[in-house]
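This is the structure I want to talk about, given as structure tokens.
For clarity, chains are labelled A, B and C in written order, and residue numbers in each chain start from 1.
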């Protein structure tokens, strides 16, 4: 054994395997989430295998941290989207690709492609997150890009972000500046401040993106409170580009039941603007039960219904039939989520 | 050291690295297989570096299992095709992307993109598998997609599969239903039943895929028997789409010789149908020697010759010159396969 | 615990997770490098987040080695380019995808896509490597492909390489043959011989690639000497295709200062040829300071200026404005490199 080790070291010294490499501690992580979705839009219906119905879409990532001494640490994060129903991957490490420097006292500086501060409320203060038939993003116009040619509703490339340290008495925060670098609607500046203490978590965020001569602006305020027998959620989102605007509101709850949770949410959106097809309201009601087989593996079910009015034509899932203005969409989803 | 750990934990608690993650045990696996291939088709010849000549194509994957307690387990599998001669990767995790729930007594439920039941006989009951100049698939029309617009000869997307548990006295089986989801020739339903006991392994499979108004249907029966001094293989495959059909038969053997095996196979295909260019027969003879440097690393050689008749125009390798109807193709391959 | 292990083994035996796999020791490695670059070309200027400014571009890889006994070892290497500013990945494992067999006494045989022997001098004998605003490749025409339709300045696909063993009294060497396989300018044959002893490292390389009726030929000679208080670098590169040619020369130095290095280089290129726009010279001056937070994490800064003359139109960075013939380009870069 010692002999073998010596050989490998000798071969490594040969340069056979390139530059010497310090000890590495890369974590490979991700989740595979697949479900059966039956959905309707207007008079049409589809049955499909869909993915990403429980809290997060399917993904594969690589991340690590290094202690640099003196209270300083560095880290990286690369994460790709996976569609396991077909095996397709999307957009390289477009979910997140960052490098960070951080200290316990000063917070974290993070560079690369990352979530925008205005993303987090829509995701955190919703019992279904942004995904699945009950996802809070289903009636948010343009998700995950934004109104018009904006691209920054969920993520921004070429960004520099700063995160407040912990230890500020429950205060937390994220601030981001992202350069457009010649891509219309890709720049961003914004921030989020929140307060978390025991059962309470509240946060507000503001962000803006230049799109031509206009600014795409997002304001969002929300929170959650864990009463123990029930956790309540509420969020308000207003985003606009020029005279086009949408206002979204959501309330929801999750109730622990044995090894699972019952989740329910009600959301509403109202959209107005100068263009044809922009006026309309939508109401989404969703209820589901998720059963945790372990901390990593969950069986879930959800039913959701969107009542569209006016020009609104939202649907409950990617695999739904095309939305029809003013017509209802509904869907039932049964799936499994396995994190690793 | 303890101090450093505390710092990292404190930083992780800061949320610097996102959601908390349970302990993970992801296995990174795969193989790199490269070879030199000299091949001819009609009067043309090529010399090329080719890949995937020994049992499996080159690939990189990520997989893991989780014990859920009470006899239940969950697992995932993501596997991408790699062409290491040029570095190109293909189709995301298109080789396989699945999530599974399983118990020792009830078997395995597997969702995602996976091999079809009708794939396995062609691969298992061939001394060369389906790859390299001697591969059983060289004279199987349409491989790995199928006849006409069928896509399911080897794999299917959007599939739900069930695998019988072990402990049924040697009986094993796989059953699959895959939804087409709007892609012509992508749906599938089929199954495979086999029996393995000591040296004997036999299996039969049936599968069908709707293609327009027709069904693409595959029936395959085969087996292997390990006599110790020689392992014998035989397989029969019949697939058809409307009035187009092909019948394939293969017999082969592998003979352990020291740390290696001599492998030999003889296969025959006969194709008929209404369209121009569909009538023809082909005979493939292949012989090779593979030398195992370890369980993971193998040097291999193979020679193969395909005698085409009528409209048959099969070739021995991807890097061969284009096939010529009724003309012979042959090839010699020397390579290395390294699994990790 | 033992029970759980048994269950997993039983499930694995079920074939639930495919072919049995020997113990694996795959290393996941790479680096994320992001910086802020302010650059000018002629009268235009840009500010951008750019990547890969310190020694190596951002990348993610998988590699491993296996001791085969008897002094023989096998290994593999898969490495992809990552652009973490946007998350985009490029060209599969196009940075390197190889399998190797090697012994301590006989050296290494390496197959696949790899760096050409003529690449290494330009990278090794430069204080900035080939990357960032100070990179030696900024004024090398056609980098990383070569003059005209040549593709082999930095890497070649379908290659067989041989590396001399260590223990030849400081002599080292790499020889490569790569097949074009129908791609214009993709074939390669060449070699590199060097000598390293204590502070001294010198090497010369020659390579050629058929492009139509001409050969693309590269000759390069260089070295470095580590005086302790300063490490000096020099390299000379001449490459030509038919009557088009370019000659490059570089001298540089790195000076250890505490936990960092001051790096400085001066380079010159002269290009001539029959076509319009080929005549011109360029001079590049670069200076920078890199501060090592650890062996894996570095903060770096660099300033570089290229004085173009005649038709030369080189720029200091990918994110620079388009080069203008005969006009200066300059840039300032501040960044972080984190290897894992």
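The criterion applied here is as follows: a contact is a pair of C-beta atoms (placed from the backbone, for glycine too) under 8 Å apart; a residue touches a chain by one contact, two chains touch by 3 or more.
Quick caveat, the model's predicted, so the values are computed rather than measured.
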item: Homomeric contact chain A-chain B: same or different residue positions, threshold half; value: different
item: Cα superposition angle of chain A on its copy chain C, in degrees to the nearest 5; value: 120
item: Where chain A and chain B are represented by their mean Cα positions, the distance between them in whole Å; value: 36
item: Contacts with two or more other chains, residues of chain B listed in rising order; value: 28, 69, 75
item: Residues on chain C engaged by chain B in the complex (per definition of touch); value: 4, 7-8, 10-18, 21-22, 24-26, 28, 62, 64, 66, 68-69, 72, 74-76, 78, 91-99, 101, 111-113, 157-160, 179, 181
item: Chain A-touching residues of chain C, taken from the complex the two chains share; value: 27-30, 32-34, 36, 47-49, 60, 63, 65, 67, 69, 71, 73, 75, 77, 82-89, 100, 102, 104, 107-108, 163, 165-166, 172, 293-297, 319, 336, 338-340
